[in-house]
Amino acid sequence: MTIYSTFKTDPARLRRRLLALLLDWMSWGYVAYGVMYFLNDYWWRIPLERFYTTLTLPPWGWPAAVLGTLAMAILCELTGYSLGERALKLEVKEERPLTKEEFLMGRAAGKPFWRTQWGVMAVLLLALTVALGWHIVKIDLEALFRPSRRAREMLGEIFPPDFRYFLVPDPAFELRGVPYSILNLMVITVFMALLATVLGAAVALPLSFFGARNIMGFSPVGWLVYGVVRGFFNVFRSIETMLWAVVFAIWIRWGSPLAGIMALTIHTIAALGKLYSEQVEGIDPGPVEAVVAAGGSRLEVIRYAVLPQVVPSFWAFTLYRWDINVRMSTVIALVGGGGIGDMLFYYKNEGEWALLGAVVATIVAVVWAMDYLSGRLRERIV
Amino acid sequence: MAEPYLVVEHLTKVYERGHVVALKDVSFEVQKGEFLVIIGLSGSGKSTLLRCINRLIEPTKGRIFIDGVEITRLSPRQMRRFRRKIGMIFQHFNLIKRATVMTNVLTGRLGYNPTWKTLLGLFPRSDRELALRNLERVGLLEKAYVRADELSGGQQQRVGIARALMQQPELLLADEPVSALDPATSHSVMQYIEQMNREDGVTVLASLHFLSLARRYGTRIIALKDGELVFDGAPEEIDDRKFKEIYGEEAEEVEIR
Amino acid sequence: MAPRYPEAFVHEKPEWTVWNRIADFLYFGLGNLRKHLSIALLDMGGIAILWILTSYVIIRLSTGEIGYTLVPWWAFGLGVAEAAALWESFGRSFGHRVARVELRRVDGGDPALHQRFAYWLLWHVSVLPLVGLLFSPPLHERASGLALRPFTMEGRTPKPWWRTSTGIYVAWLMGVALLAAISVTISWEDLVRLFTRAGTTAKFWRSFFSPDTSIILKTVRALIVTVFMAMTATAFAVMVAVPLSFLAARNLMRGLIGRSIYTVIRVTMSIIRSIEPVVWAIFFLVWVRVELAPFAGMLALFVHSVSDLTKLYAERLESIDPGLIEAITATGANRLQVLRYAVIPQIVNPYISFTLYRWDINIRMATVVGVVGGGGIGQALFFYLKGNLWTQAGTVMLFIIALVWAIDYLSARLRAKLA
């Protein structure tokens, strides 16, 4: 047992110690949450409401939980090598030489993790997560292995898929008064992905140079532009394509392919822009020096020293993105983005499983082919 | 002369239905306790030859005898048992980078221990003692519990030697053991190999890039060119003409010390 | 003419048996077949796509309908084959460029026009019925005195792309593809709306700055469900994907049985992966009862994660350093020991890193899966959207963005630590 008798005042170390304490506090908080969840679940509430009662506490409960977990965390910090300390590698070594026996049998390499405090804690957290996950997600193996009657019906109908409307438009399924066939909608879907990728790459390409540290230099203006462009990439990238699709579907029209294209484009710009600019930052500075030494301007540096180095990986990223966009465009209709998804969800709502099977089979074939194609091309380029 | 320890007869190895021929009808004998050096350009079949001897690569044709046993006829299971007697060290060390030096050295005993124990990482006390002794021998005792990728190239190769020593081998195959090292470290590594050869009586087959190293350490030299044996004799016998024959007309001998 | 053997084999000829000859014929003959066929298929496919797209644009712009060929299908097929034959005989086709070969005389010179003409004529009886390709060299090459040789730039001046046939082809293809895409997906009214109706989303953005506080607790609970859906799905997927990945690694699965297992697993996985989790969620919502929404969503994520992780893991396994395997094998270790000491140490960190990456993706996907009724925050979002409750929807979106951002940051940091 290691007791910390001295408190070093080194600020960097202090910060790490506080971080470790925070981590321990959070893990005990998590334990407390788990305990509360199970208590609520089993004793206090009727099962139907369990989902919404996870955070129900008596009035004195909140301060008690906060202080109790903090106390536990401090206790852990004081009595051994806690999980937080392990994560931040704040080890206090015992100052004594190893005995010959310890050296021989590998004690020097450390105790097995299940005999250390952090190891026990980690295992506890893991077990808690599994138990909590089991309940929160309502895992029910019986339901999985004994499917409902509806499921058996669906399975019976979905094989073989009914390709009746592959070439011929289905009169029952209309978008803005025009009936579509599977093939026509699939082509439109692929075109959506194509436009989004081309547009996105065309915008991301010039932007990426403004988001590269080594191109923008270190003047205040450079910092500002760099910060703004990188911030744009980061913020827009963390907003899912599906959310963008919602926005544009409201903006333009529910079910318009343009909404889907815009959503995919925005996300593509941000994602590709980040990848591109990281690539530009990772170039070999040698050629840049050479062009600068030969008297090249900044544009000439980009044209002759930067572009040749990054073009192959730009292509690879773009192809990768194209692949993602094709996948996304097949389901973006769910949130009003248009494409084959419209048909997919129409058949699902109608319960036309055989027709749905044909749509899914077409999607699989196209996505698989695009995946293969872009994979092969990327291998070729890199 | 005594019965030779290692006999290689008409060894041939071809890849891809004859598109690549790595070894062409190579035959030679090695006496017990010899330090045989194999020289030749890159791609001349040195590595393939060494790997055929412990059958990491299956020969296409030809026979190999070690200590009177025709190893080209052994079943995979028998071959695994036989490999315990053949140590091997590699150009790029081939250590488990993320594991400690001790673990790396102990892998030399895998063939001697029951599988279930080694899968759990349990090695008998005697093996651990042997490991520490061997590490002491290559001068790395205090690094026993350091991760292998934290060592320098020369130290890593010495770990490789310690691993080979753990097998208590009769034969050591060294595949370009010093090519990835700088000249000063090269000599220290070669000296450990020489020590194994002299003190433990281990027969050594080493492929080397530099003729000067081959002359300095080898008791005999064979040379391969495009998979064919072009020279077999004492180190002194390689003169300028022979050298040009082995390495090609434009080659220039480089002294390494 | 006999296939060109390396020297060693010419010496050993007498030892060769009939079986060897058959095996040799298959090896070289099938190699030829594969080479010529892939070039021909690439050319025909390329021309077919160009034709279809061009027709698509013409039909679309002239009548507003959707159509693919201007001529009957048989004429289309013949035309494509003929165009490919001409392209391959009289120029350096797209397929040639991909295979990095070009047509040369057997003695190495530039092909004469009459030779190209003969090549073109014989192409029809050699490549189209495939039999000619089983010979080595193929019939049409033998008769015309031409052969496909590896392309070199030696002694040539590079042409600008717009003067090469492939360059023109690709430019044309891109042009019609974009034209077709624009004409079919973008309508004038939509474009007008895009530029005039931005105001409709204002209520949305406003809620980002003044979220509906009454639903925060509910949203947090839904968020917790989403996180746990992603976590359990990832955890179970790892348990399945790790053993599967060993069966799906080309370098570990040798021999006939091994290769067939490898192929079956890889094909199944790529099919599963082609179906978005959302579609899987639809399936599982029918499979298990609808009340178990988070479970169905979790299963959807699980299935997709298994296929994705298996692929990532197996690719990592395929690129492990074979040197360590050699070294451990050389000590006399058996297969299990090699696995434990040579393979596993190399894959632990990448596997963890891939798992974290997948966990990150699963969190994003879990929000999306919720939209079709897969539980969690996505379901809440869809509920508000359906009810035109924009403020609440905006609040939920704000939470989703925060969650995704936090998880993205966390997983990136952890992965950077591992690398």
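We just call them A, B and C in the order they show up, numbering each chain from 1.
Note that in this section contacts are C-beta pairs under 8 Å (C-beta built on N, C-alpha and C of every residue); 3 or more make two chains touch, one makes a residue touch a chain.
Small disclaimer: the values here were computed from a predicted structure and weren't measured.
Undergrad: For the chain pairs B-C and A-B, which is connected through the larger number of C-beta pairs in contact?
TA: B-C
Undergrad: When you average C-alpha coordinates per chain, which one falls nearest the overall C-alpha average? Tell me, please.
TA: Ranked by how close its C-alpha centre lies to the overall one, first comes C.
Undergrad: Measuring from the mean C-alpha position of subunit A to the mean C-alpha position of subunit C, what distance in angstrom results?
TA: Measuring from centre to centre gives 20 Å for this pair.
Undergrad: If you average the CA atoms of subunit A and of subunit B, how far apart do the two points sit, in angstrom?
TA: 48
Undergrad: I'd like to verify one number: the distance from the centre of subunit B to the centre of subunit C, where each centre is the average of its C-alpha atoms, in whole angstrom.
TA: 43
Undergrad: Return the residues of subunit A touching two or more other chains; collapse runs of consecutive numbers into ranges.
TA: Touching at least two other chains: none.
Undergrad: Could you say which residues in subunit B touch two or more other chains, in rising order?
TA: There are none in subunit B.
Undergrad: Quick check: in the complex, which residue numbers of subunit C touch subunit A?
TA: For this pair, the touching residues of subunit C are 56, 66, 98, 177-178, 180-182, 184-187, 189-191, 193-194, 197-198, 200-201, 204, 217-218, 220-221, 224-225, 228-229, 231-232, 235, 270-271, 273-276, 278-279, 282-283, 286-289, 292-295, 298-299, 364, 367-368, 371-372, 375, 381, 385, 393, 397, 400-401, 404-405, 408.
Undergrad: Spell out the part of subunit B that touches subunit A in their complex, as residue ranges.
TA: By the definition above, subunit B touches subunit A via 100, 102, 125, 128-129, 132, 144-145.
Undergrad: With touch defined as at the start, can you tell me which subunit A residues reach subunit B in the complex?
TA: 103-106, 108-109
Undergrad: Along subunit B, where are the residues that touch subunit C in the complex?
TA: Spelled out, the residues of subunit B in touch with subunit C are 12, 14, 17-21, 24, 51, 54, 56, 80-84, 86-88, 90, 92, 94-99, 107-112, 115, 118-119, 160, 163, 166-167, 173.
Undergrad: Okay, in this complex, where on subunit C does subunit B touch?
TA: On the subunit C side, the touching residues are 5-9, 23-24, 27, 321, 323-324, 326-334, 336-337, 340-342, 345, 348-349.
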